[in-house]
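Read through the structures below before going on.
In the two complexes below, chain A is the common chain; its partner is chain B in one and chain C in the other.
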Partner chain A sequence: MAMQRREIPEFIIPVSGSQDNLLSARWGQGLQLMVFSGNGKRRYMAGEADVAVNLDKPSVVHDVRWQTDMHYPATRKLAAQSHEIFTSLQKHTSDATDGTKKPQLVKFSRRYRVAMMECLEDLRKAASDMAEDEGDQETYKDMCQLYQQLELIWNLCEILYIENLPGGVILQQLLDWVKLHFTDADTLAARIISEGEINISKDYWSAVYIYVLQGRLAEARHLLSMNPETQHDVHGAYARIDELMRRMPVFSVFSRQSLAEFDLKWRNWQEICQQLLVDGVFVSYQPLETICRILAGQQDVLDQLQDLAGDWYQIMVTKLLYTNPMVKAVDLQYHAKSCMDKFRGSSRLLPLDQILLAALEYDVTQIIKISSSNLSNWWFVAHLADLLHHAGQLETHQLDFGATMREFLLLEYASTLMARESMWQIIIEYLEHCPVFGRHHLELFVEKIPLQSEKKAYKVLKICDEKNMDDQAQSICKVMGMRALQEKRLGTALTWCLRSQDASFATYLAEKFLTEYSLNGNFSNLDLIDNLGSSMLVSDRLTFLAKYRDFHRLYEEGEFAEAGELLLSLIEANLAPKQFMLILLTDALPLLELDVVVFSSKQTSQLLMCKENLLKWYQSEEYTREILPKKSKGHVELEKEKMELLQLGLSRNLSRALLEESVRT
Partner chain B sequence: MNHLSRFHCSRSFTGNVIAMRSGHEVNSLLMWKVTSKTQTTVKEEEQSYRDTSRTSDVRTTRAYLEPEIVSQEIHIGDVTDLKFANRNSLLAASSCGTVQSFNVTEDSKKLIPGQKWEGIHHLEMSNCPCTCMSVSGTDVATCGEDGRINVLRLDHRKPVRIIDNADSCSLNAIVHSKTNEVITVNSAGQLKVWDVRQDGNSPVRIFLVTGKKVALHCVDRHPVQPHLVAAGGEDGTLTMWDLRKEHLPVTLFDSHESHVWEVKFHPTNPNNLFTCSDDGSVLHWQTKPGIGSSRPSTPLAGFPSSAVSSGHGLLQQATSGADTGSPWISSDTSASNVDINHVLPSLTMPVNCVDVEGNSLVCGTDGEALYLVNDLFLH
Partner chain C sequence: MYVARNISADHKDLIHDVAFDFYGRRMATCSSDHSVQVWDINDKNEWHCTASWKTHSGSVWRVTWAHPEFGQVLASCSYDRMAAIWEEIAGSTTQSQRRQGHWIKRATLVDSRTSVTDVKFSPRCLGLKLATCSADGNVRIYEAPDLTDLTTWEIQDQIQTKLSCSCLSWNPSRLHPATIAVGSDNTNPAAGGKVQIYEHSENERKWNRTSMLMSITEAVHDIAYAPNLGRSYDVLAIATKDVVIMRFDKKDPAMIGPAPGRNTPVQLDHQGAQVWQISWNITGTILAASSDDGMVKLWKANYLDKWKCIQVLKGDGSSVAPLLMQPKEAARETRGSSLPEPSVDAGFMSSSPKFSIFTSSWFSDSSPRSRQGRPSSSPGSTASSTVIRGFHVH
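Let's look at the complex of A and B:
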C-alpha cells in the first residue's frame, strides 16, 4: 500500500492488439480510466506514413481504478461514519463559542478514533475470514497495519494539539497513549492468568517488566502478588517493592497539588528507591532489583530490556516517567531526538518515525506532508487536517495553486471516492466545505452522476436545490426529459419539463402532442393534459394545448356555446402553430352545422377573417417554399376541400346569424 | 454500491429481516437474523445495526445482540422493492424491470433464486425500473417508470394481466385496496384506482393532491378501512384520502422537509403510521387516544404544532369524516389529533424505506446502514 515518493506504479493491462492499436483511455468518474485498444495508429519506421490499423475484433474496455482504499466494505463503513462526524463538526464549529469548543473538539476527535477502531476490527475479521480470497486477505492485513499506525498518530495528535491541557504537563496522557496501543503485556498476562497455576516463567517477568516500563504499576503489583514466592517472602523483598510501587507519586492536572509540591514528593520517593538499591535489599531477588532500577530511573537497565521496551517513542515515555515526570509538551522534541539517536542508531527512519517526530516537534504541516506522501491514504490526512484546522492548529497559508492545504486534501479525498458510485452524497458534502474550488468541482461532479432511475434523479435534484445550482438542476431535468422523449414517453417528458419550467421544451412537447392529434385524431396522455392546472402557463403552446383539449371536452359534454367561444378565442389569440389553424377552423364546422346558431354574426366574420389570413399564408412565399413540397398531393387536395367547406359553412352561418339577430332586435 | 434502499420485514419469519443493498456495482440481497431477547426476562430492548450507534443514543441498553447476515444473494440491478408473497417466497423488484422470487428455506437460513419475470417493465428501447409491488393472495401487482401495471400470479410464467400505458407518467407505488382493485400514485401528483378485471387502460377514478404538481412517491392503505389511503409526496407532505368521498385529500400533513420515500400503516395497530424521508428522518405518527397518555420519546423538535396544517382549508365539508370514527380524517384540526415523534436520532443520510411489524421497526439509509428499533410505543 505504502508508496514511496516518486515511485511510479505500473499496471499491466491485458489488452489484445495493443501493440498495433495503441492503448487509448477516457476518464471515468474520479480516479477511474476506461482503457481500451483504440483507433490509435501504429507508427512505422521513419519515412513511412502512419497507417491506421483496424481492429479485427471488438475492443474490450477495461475499467482501471486506483487509490481504492475506501471502496472495501470495512472502509466504506468508515467513510460513511466519518462523513457523519465531519458534517456535524462543520456545523458545530460554525456556532460554537470558544469556551465549549475545545471539549467538543476532543469529542469529535474521539469519535473519529472510534470509527477507525471499528474499521480496524472489521478489517481484522475480514483478514481472517476464510471466505475472502487470498489476495484480498493480504490486502486486508496490510490495511490493518496501516490503520493501526494511523490511529497511533491520530491519538498523539489529539493529545498534543486538541486536548493540550493547561500547564503543558503531558506525561499521563502519553502513558495512556502507550498503554492503548501496545498491549503485549496484557496478552501475556491474560495467558499466564488463564493457565491457573502461576508459572514463574520468562513470560511472567516480561509481562511485569512491560507493565512497569509503561508505568502501569497497579497491573504490575497485581501480577506480582500472584507470584507464589510472595507467600514465603522471608526477607520482605516483595512487600518492599510492592510498597515502593504503591507509593509512587503520580501528578494529575486535576489534583490540587502544585508542581513544586509534587516535585518534592517525587524526589523523595526516588531517593528511597536509590537508597534501597545501594542497600542491596533486592540483591538475591534479581527480577525485583531490575524493577527497582527502572523505578530509580537508571538508564542502563533500559538498554538491557530493549527487547521489551519497544520502539523509541515508548522508551522515551518510560524514560520521562522515571527521570522527568514533569516534562512540558514543548520540551518533548529534545527527548524524542535523543531517544531516537540512542535507540534507532543510524538505521533509516521509517515514515511512522518521521511523522511522530514531526508531531512532537509541533510541525503540523510536516505531519500532513509525510503522511500524504507515504501512507497513501487520503482519508486520514483529510480528516486530520480538517480537525486541526478547526482547532486552529493548521496554518492557513495558500498553496501554489490557490487553495489551502485543508481544501487540497479534502478535494483529493473526495476524488478517491468518486469512482465508487454509491458515495456520491458523501462526496457532495465534502466538496461543499471547500471554500475556493469546492463549488466548481461540485458543479462538474453533479452533472456527471449517473441517473439510473427517477428516484436517484429526484435525490440529485434536491441537492441541486439546496445548493442553489439552478443550471445543473435544469440540465438534469432536461436529460431525464429527453430520455423519456426518446423512449416515446411524452407524459413523463412533460412532467420533467414542467419541473424545470423549461418553456422551449414545453413548446416542443406540446407541438408533439398536437402533431399526434393531427395524425390520429385523438389525444394520448389525457390523464396528464386534462389535469395540467396552472402549470400550463409555462409556454403559450402548452396553454393552447390544454385549452384546445378543454374545447373538446366542452364539445363532448354538449356545451356548444361555451365551446364555440373558447374555440374562437383560441383562433384569435394566435397561440396555435400556423399549420394547426386549419384543424382549428375545421373544428368549427360541426358547430356551424348545428340547429342552433352558436356563432354570432360578429364572431362569424372574425372566423372568416382568420380563414382569409390562412388563405393568404397558403399563398405566401414561405409556405410554398418550405411546407408545400413536404405535403402529398392528396393532402393538399383535402385541405382545399376543407377550405371550401369552411367558406360555405361560414357564409351560411353568417346569414343565419344575421337573420336571428335581426329577429331578436 | 450498498445503499440500502429497500427491505421488507418478514411477516412470517419473526426475527428475520431481509435487507438489500442496491446501487450500480454488484448488488446483493442480504438476509439478516435478528435475535430478539423475548425469551429472557429482559423486556425488549432497542437494537440497532449501525456502526455509529456506539456513539449515538439509539442503543439505550448495553445488552444487545448484533444482527447477523445469514444469507447473501447476488441481485442484478438495484433492488427497488421487497415483499413476502407467502411464508416461503420473497419477491424482489429490480431497476432492470425484472421481478424475481426467492425461496426461503425452512430453517430460514438460505435464499434460493426461484422464478423470474424478466423485462416486464420496459420502454421502447430499454428496460426501466419496476418501482413497487403489492401482494394480494397469489397475485402480485407491479408498476414501473414505464407507466405500466402488471399482474403476476405465482407459478405463472407470464403476467396474467398487463395494463399498457396505464399512466402517462411514471408510476411510483402501488397497493391493493381489494382483491381486484389496486391504487397507484404517479409523478404528476395523481392517485388512481384501477379494477384489474376491467379491460382497457382507464382507471376507475382519479384523485389529485392539489392544483400544483407534486410527485407522489409512496402509498399505503389502512389495513382495516381500505377506503382510507395515505400517500407521501416529494415536498414532504403526507396526504390522506377518503376514497369514498373527495377527489382531493381530506388532510395534508406537512412535517418532512423533503421527499417522503415510504409510508406504512402499522399492520395490526393502524392508529400508528410510519414515514421515512430524504431529510433523514423517520416519523411515527399516532392518533391521540381519548386519554392523554404520552410516551417518553423525543418530541418533534423544530416542528411547532402549527406546521401541521389541515388540508389548507380546502375541504370544509370533509368534516363529516368524524362519523367514520377514524381519527386520521377527523373533523378537528388534525394538528391536535395526531402526535408526531422522531423514531431515530437526527441523521444526515436519506432514509429510503421503512417497515414495521409488532414493536419493531426497521429502516435502511443511503449511508449503507440498516436501523432496527425494537421498542416502539404503540397505542
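Let's look at the complex of A and C:
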C-alpha cells in the first residue's frame, strides 16, 4: 500500500496560506484546472457569523495545465499532418481489398514516421534557437528525446506488425532499423573524412567497428580502404579482411535463393573466418583481428566492444547477424530476453526497454499499455493503435463501457487537444471516427466551441448540418441571436432567430422593431423585413411586422385602396400589441384625407369601433395602473389630440362614403 | 508536464468559488470580501480581470454561469441570505461603474431566511431555471418566464428537506425528468441520509423526493453529477469523509452500455479526510477532489470501474508573496531577472519533471511514474529548469 501511494505523482503549487485555507480546484476546458486556496471549510466554520479574514496579500488563482505536448508550434504541425494521414487512412481502409491493403498500410505508417521526423527536426531547431527562452529550449530538448524514442518504437512496430514479410526472415529490416536510428558511426566517419588526411585514431577504429557491428560492411570497407597502411600491406591482412567482408552472404527475401542454400553458403563463409583466426592471420593486426572475431560470431568480442555496441536491442541485432542470420520474427523474443539479461543486468528496465521487449514479444496490448502510462503522449498511442487496428493486429478488447481500446485512446487524444481552441476542426474528425461514444462527445464538443465570429459560427453550423445535429445547431443560433441582441444588432439577431425557428424570441424581436418604429418613425433592416417570406409565420408578431411593412410599401407606391384594406385587416386581426393600436389608427389618417374615398362606410364604422375599443382600454384599470404612469404628460396630450383627429377624420369619411355609396346606388 | 501560472486576483479575502463559462473562455470568482470578479482570456491564453464589483453584503459562497443561449448571465449566492442574478449588457459605462464592467443586477432572490449555500442553473434543455439551497434546509427552484426580461423570477417550487443544505447538483441527462441531488452538512449521523434526490413530476407539477441515500451519514459538502456522454447510467460524486461515487442505472433500455446492477457505491480514499469541493472535467472522466489535508486529488476510473488517483496537487505551504495585478490591467510576462528575488521565481511557474506522466488509469496496474523518475518537484529543485513567468507589479 505504501509503495503504491508513493507512485502517485505529485505536483506542488507554491501557494501562500494553503496550510490554513487548503486548496480547491475547478475544471476548465480540456486538461486544465483552476486551483485556488480557500474552500468550503471556511464556509462551514462561518456557521452563525460571517467573519472576514482580510488577507494581507491578494488571493491567487493558479491556472494549471498539463499534457500540453501538442500545443507547441512543432507539435501543432505534427497534429495537423497526422490528422490528414489519419483521415485518409480511415477513408482508405473502408474501401480497400485485402491484396492492396498491406502495401498501403506500410505507406501510411511511413507517412506517420515522416511527420514525426519533420517534427523532430523542427524541435531540434527550436531547441538550439537562441530566440527561444531557456525553459522552452529545455522543453524542446526533452521533447526531441521523446520523439526520437517514439519513432524508434514506431519503426519496429512497422517492421513487425505492418510490413511483416512472408517467411518471417526479418534480419535485414532490423539492420535497417538500427542503421536509421543509430548514426554515431556516420558522424565519426564524416568527421574523419572531412579532416582530409586519415588519422588512424581511436575514433577511426570506433567508426569501423560500429559499421561492422551494424552489418554495414560496405561502409566499413570504404573506411578501411582509406587507411594509409593498406598501401604497404605486406602480409595481405587488409586485403584478406576486405575479401571476407565483401563475400559475406546476405539473405534477401526477393532473391531466388532458398533458405537452405543460403544457410550452406553462410556456414562456409563463417568457417573461413574462424579458420583465419585459428591460423593467426591477423595476429599482428589487432584491429583487424577484432573485426574478424565479430564476423566469426564470437561472443566475447561483443563484451569488449560494449561501449560501441549500443543498447541491448542493438547488440541483439549484431548477435543475430553473425550467429543466426535466418532468425524468424517469432523467435526474436528469446534472443531479446537473453540479450537483455546479459547487457541490462539487474538495472531497472526503462519504459523504452519494456515497450521494445513487448513489441518483440508480439504483445500489442502491452505496448499500448506501457506507452500510454509512461510516454505522456496520447498522440503516439492513439495513432499507433489506430494503425494496428486497421492492420488487424489489435484485438478488439471490449472495455466495460463498450468502446474499443482504439476508441478509448482516440478520445483521450482528442481531449488533450481540447484545451487548444484552434484545433477544433481536427478534434471533430477524430471524434467522428469513434463509433460508440464519438457521437456523444461530438455533440458535447460542438456546443462548446467558442464562437468568436459569425464566420466561425457558420462553419460550426455547417458541420452540425452535415452530422444532423439539429439540437446543437439550434442552440448555436440562439447563442448568436442573443449575442447580437446584446450588441443591439437587431437585424442580425432576427436572422439567427429565424434559423433557430425560435418563436418567442421572434416575437420579442418583432416588438423591438415596432418599438423602434414608434420612436423614430422608420424601420431599420428593411431588406430583411421585406424579404421575410414564409419565415414570418414563426410568430404572430413577426407576421404583423412584415404585413405592417407591406402596408407602408403599398402606401408609398400609391396603392391606396389596397393599403387601406391591409391596414383594416391588420387592425381587425388584433395581431398588434395594444400599445401599437393608436399608431395603426393614425396611419389611417392620411388615407382619410385623400381626394378619393378609400374606406367604405362599412369599413369606416369598423375603424370607428376599433377606436372606441382603444378608448375603452385607455380608461381600463390595467392601463391606468401599469402604462399610464410611464407616459409623460406631453405624450398623453399628444395621444388625446390624435384620438380627436381620428374621430373627426373618421366621421368626415363616413359622411363622404355614405354620400358616394348612395350616388352609386 | 504540469504548468502552473499564477493569476493574482485582488480579492481581499478567501476565494470560495471559481466558475468557468460554457466555453471555458471566461471565469468568475467570488469571495468573502463580498465581491465577484469576471475574467476573460485573450488569444495568448492570459487571463484579464474585466469586472470586479460588490455583489452582496456577506461572504459570496458560489457563483455560476447560465448557458450562453440566455445571454451573459451570472448567479451568486451569499451569507446575506440572498441570491442575485447579474447580466452583462453592451454599451458604454460611466467612470463610476467602470469596475463593474457592464454587469447589472437583474434580480435579487430574497426568499431565504438563512445563508444561501449553493446556486445552480439548470441544464439548458430545461430552459432558464435556477435552484438555490439554504442552511435552513430549503431548496427553491426558480424560473424566468420571460427570457428577454430577467428581472422576473417565479418560484416554481420550494422543497423543505428538513436538513441544513450545503450543496446541490442538477442531473445533466436529457433523457431524464428534471432531477436535483441535494447534500446536507448536518453532522448528526442519526439524522438520516445526507443526500436526497428530487425529481420533477410534470403531471403533478411538483418536485418529489425519489430517494435518500441512507449510506451517506456523514456531513456532505459538495455534490456533482458527472456529465453524461452516452453512458447507460448516471454517476453522482459526493464529497463527505472521502469521496463517494454512486451509480444510478437508467430505466431506458435503449441506452448503450453494460448490464446494469453494479450500484454499490465506490469510496475514493482521502484517508478519511473531509472533502470540501469536487469538480468533474467536461467529459466526466476525471474528478478533482480537494480535502482537509490540503491536497487536490485527481481520480479516474478504469475499465473495471476501479477508481485510481492519478495525480495529487498540493500547496507547498510557503508564503510566496504573489505580485499584485490590478484588474483591467494587462498581465505582462517577465523574464527571470526582472523579478524581485530569484527565490520567488519558482512561484510563478513550476513544472513537474518534463514528461511526467499524466497516466492513463485505464490500465490500473501500470506505474504512473515518470520516465525520468522524479515523482514530484519542489520549487527549489525545479527552479533551474523552468521557465519563469510572472506578472509585473503595477
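Miscellaneous remarks
In this text, the second predicted complex is superposed on the first by the 495 of 665 C-alpha atoms of A that agree within 3 Å, B and C clash if a C-alpha of one lies under 4 Å from a C-alpha of the other, contacts with A are read in each partner's own complex, and residues count from 1 in each chain.
Assume contacts are C-beta pairs under 8 Å (C-beta built on N, C-alpha and C of every residue); 3 or more make two chains touch, one makes a residue touch a chain.
Worth saying up front: this structure is predicted, and the values here are computed from it rather than measured.
Contact with chain B, but none with chain C, is seen for A:83 once the two complexes are overlaid on the shared chain. Of the two partner chains, chain C is the only one touched by A:11; chain B is not.
Shared-chain residue A:337: touches no atom of chain B or chain C. Of the two partner chains, neither chain B nor chain C is touched by A:467. Of the two partner chains placed around the shared chain by superposition, chain B and chain C are both touched by A:450. By the touch criterion defined above, A:35 lies against chain C but remains apart from chain B after alignment on the C-alpha atoms of chain A. Touch criterion met: A:491 reaches chain B, while chain C stays clear of it. Here chain B and chain C are compared by how many residues of chain A each touches, and C touches more. Legend: residue contacts after superposition of the two complexes on their common chain; A:642 is shown touching neither chain B nor chain C.
In the superposition on chain A, contact of A:102 is made with neither chain B nor chain C.
Shared interface residues of chain A (contacting chain B in one complex, chain C in the other): 421, 450, 486-488.
Residues 6-19, 21-44, 46, 50, 52-55, 57-69, 133-136, 138-139, 142-143, 146, 350-352, 369-370, 372-378, 399-402, 408, 411-412, 415, 418, 421, 436-437, 439-441, 444, 447-450, 475, 478-479, 482-483, 485-488, 504-505, 508 of chain A are the ones that touch chain C when the two sit in their complex. Those residues of chain B that touch chain A in the shared complex are 1-3, 5, 23-25, 51-52, 54-55, 78, 80, 95, 123-126, 128-129, 131, 145-147, 165, 167-170, 172, 187-188, 190, 192, 203, 206, 208, 211-213, 215, 217, 234, 258-259, 261, 278, 347-350, 366-369. Chain A contributes residues 73, 76-77, 80-81, 83-84, 87, 111, 114-115, 118, 420-423, 425, 429, 450, 452-455, 458-459, 462, 486-492, 494-495, 498-499, 524-528, 531, 533-535 to its touches with chain B in the complex.
The touching residues of chain C, when paired with chain A in their complex, are 1-20, 22-25, 27, 29, 31-33, 47, 58-59, 61, 67-72, 79, 88-91, 115, 117, 124, 147-148, 166, 185, 219, 221-222, 227, 229-231, 256-258, 274, 276-277, 279-283, 285-286, 288, 290-292, 294-296, 303-305, 309-322, 324, 335, 346-347, 349-350, 352, 354-360, 362-363, 366-371, 375-379, 385-388.
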